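A, B, C, D, E and F are the chain letters, set down in written order, and residue numbers restart from 1 in every chain.
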Amino acid sequence: ANLTQAEQRELGNRMEKKQMKEFMNMYSNLVQRCFDDCVNGFESKSLTSREESCVMRCVDKNMKGSQRLGDRFQEQNAAMAQSGGLPGR
Amino acid sequence: MSFLFGRQPQMSSEQKIAQAEAEVDMVSDMYTRLVGSCSKKCIDTSYREPDLNKGESVCLDRCVAKFFEVNVKVSEKMQGEAQSQAGGGAAGAGGGRFGGGM
Amino acid sequence: ANLTQAEQRELGNRMEKKQMKEFMNMYSNLVQRCFDDCVNGFESKSLTSREESCVMRCVDKNMKGSQRLGDRFQEQNAAMAQSGGLPGR
Amino acid sequence: MSFLFGRQPQMSSEQKIAQAEAEVDMVSDMYTRLVGSCSKKCIDTSYREPDLNKGESVCLDRCVAKFFEVNVKVSEKMQGEAQSQAGGGAAGAGGGRFGGGM
Amino acid sequence: ANLTQAEQRELGNRMEKKQMKEFMNMYSNLVQRCFDDCVNGFESKSLTSREESCVMRCVDKNMKGSQRLGDRFQEQNAAMAQSGGLPGR
Amino acid sequence: MSFLFGRQPQMSSEQKIAQAEAEVDMVSDMYTRLVGSCSKKCIDTSYREPDLNKGESVCLDRCVAKFFEVNVKVSEKMQGEAQSQAGGGAAGAGGGRFGGGM
């Protein structure tokens, strides 16, 4: 996109903030998802051991899932970039 | 979640403010999600009465407690993994409090 | 987090905007939630009296719910802060 | 929703712009939610045809009208409560129009 | 809201960015919605012809739907503005 | 999606940065949606094991491929319509890559 060095630097600064935000969003998503999927009884105010281990496996599995999805996403993106089809760049 | 907000020794004024802002955003995002999840799990959508009944009230209270507990678990787990990847060291239990000490 | 007075002031300014935004978000959430839960027939273009009273109770109940959740949230947050566990602060 | 945007007598230029911006954000947020809710309630997800059929079209029209009506009700209710908390006074029906008089 | 010309211009600049964002959001919503509604088998890594035509009709129908909703939304908004009820403006 | 980001001949520095930013936002929004949709479609929520099993892994891989394909289709369709509205001309297949060439 033909940015000058100074523009690149400014963009980099803004990206840093965004990455932080995205990481936080990913984290909150994970908390909410595992809470929603694993916690369904409210007879007590503490997690049952069953709920707790569900949460642990949920975090594990979903982190591996996001990792895998991220890898595939980048591959596809790179493949698309190679095959061209994006005029004017 | 303190692993999210490890303080660097020398931060500019703007960076310090941005970090404080990010912490507030995190708390408020978590609160929004908690309201969404707990309302859904505890409030009967037939809305027969305008008041929370006993069951709903108790459910909401416990829901908050459990949501925090899940947050602590996830936070500890991710911190553990971040540390084992970083080759151990730099302890810090973290805990699941939402938000900074402002 | 060791902010100077000037920094505190700047943060306060930004918080004001955020609070406005959050309130608006809470409001829209309430409208959408009560619409989704209470309005399910489209035989007419006006709310039936049944739908209307459902909306009213929905607003009431959910506002009380958020209030209660907010109170518990703050208590938990305060309790966590007390029990420490947050190094480097 | 005018209770959300009560105009203060003396606002700085930045404040006035920020307020106008907030009103636009509110309208656009409401529109996004309306599209989400009404599409879900009215559009058949089997997508047998590319066009809206008569039933879907009518449903969408009525859905918008009802969504506005719900907005008016919620707005009036919250305004009423804000006022009764503020000890009455300062009338203003409010109404449920989305967005400002720009 | 009694903005000066300069204020109007500044607001206009900010609106441009927002419109871009909204359009992008509308676009992503459409992709996700049609993906969620039409793609449900993962026996192959390419869309089946059935899925593909479902996606096409989904895009068509939802774009017409948003168009219609947008038209009604503006009418209602205008009608409300006419009927007054917004003190202090 | 290049129709979203057609480059104007003369852009100010701020505009160029803003556009690059918008492209990054678009990619990241799409990625978030893809994670949401594909996790929901492929991951069994009973969480009996902490690892992805074979079926889940294959499902996730194919889900990404199909999500991209849908994106390409939607992009082409909207571009086609934008062009036929603009009276033809100004070719450009576009394709469904998420994000710019940075």
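One rule holds in what follows: a residue touches a chain if its C-beta (ideal position, glycine included) is under 8 Å from a C-beta of that chain, and two chains touch if they have at least 3 such contacts.
No experiment lies behind these values; they were computed from the predicted model shown.
Enquirer: State which chains count as neighbours of chain C and simultaneously of chain D.
Expert: none
Enquirer: Have a look at A-F versus E-F and report the one with more C-beta pairs in contact.
Expert: Answer to which pair has more contacts is A-F.
Enquirer: Measuring between mean CA coordinates, which chain is farthest from chain C?
Expert: F
Enquirer: What pair in A-F, E-F or B-C shares over half of its contact pairs, by residue number, with C-D?
Expert: E-F
Enquirer: Calculate how many whole Å lie between the centre of chain C and the centre of chain E, each centre taken as the average of the chain's C-alpha atoms.
Expert: 25
Enquirer: Distance between chain A and chain D based on Cα centroids, please, to the nearest Å.
Expert: Their C-alpha centroids are separated by 32 Å.
Enquirer: Between chain D and chain E, what's the gap in Å when you average each chain's C-alpha atoms?
Expert: Comparing mean C-alpha positions, chain E is 15 Å from chain D.
Enquirer: By the touch rule stated above, which residues of chain C touch at least two different other chains?
Expert: 25, 38, 56
Enquirer: Show the residues in chain D shared as contacts by 2 or more other chains, in ascending order.
Expert: Residues 25, 36, 42, 61, 63, 65.
Enquirer: Line, ring, star, complete or other: which one describes how these chains touch?
Expert: ring
Enquirer: What is the sequence of chains around the ring when one begins at chain D and proceeds first to chain E?
Expert: Cycle of chains, anchored at chain D and oriented toward chain E: D, E, F, A, B, C.
Enquirer: Applying the document's contact rule, which stretches of chain C touch chain D when the two form their complex?
Expert: Against chain D, the touching part of chain C is residues 17, 20-21, 23-25, 27-28, 30-32, 34-36, 38-40, 42, 44-47, 51-52, 55-56, 59.
Enquirer: Using the touch rule from the top, collect the residues of chain B that touch chain A in their complex.
Expert: On the chain B side, the touching residues are 1, 4, 18, 22, 25-26, 29-30, 33, 36-37, 41-42, 58-59, 61-63, 65-67, 69-71, 73-74, 77-78.
Enquirer: Mind pulling up the chain C residues that touch chain B in the complex?
Expert: Going by the criterion above, the answer is residues 1-4, 6-7, 10-11, 14-15, 18, 22, 25, 29, 33, 37-38, 54, 56-58, 60-62, 64-66, 68-70, 72-73, 76-77, 80-81, 83-89.
Enquirer: Which positions of chain D touch chain E when the two form their complex?
Expert: Residues in contact with chain E: 2, 6-7, 13, 16-17, 19-21, 23-25, 27-28, 31-32, 34-36, 38-39, 42-43, 45, 47-52, 56-57, 60-61, 63-65, 68, 91-102.
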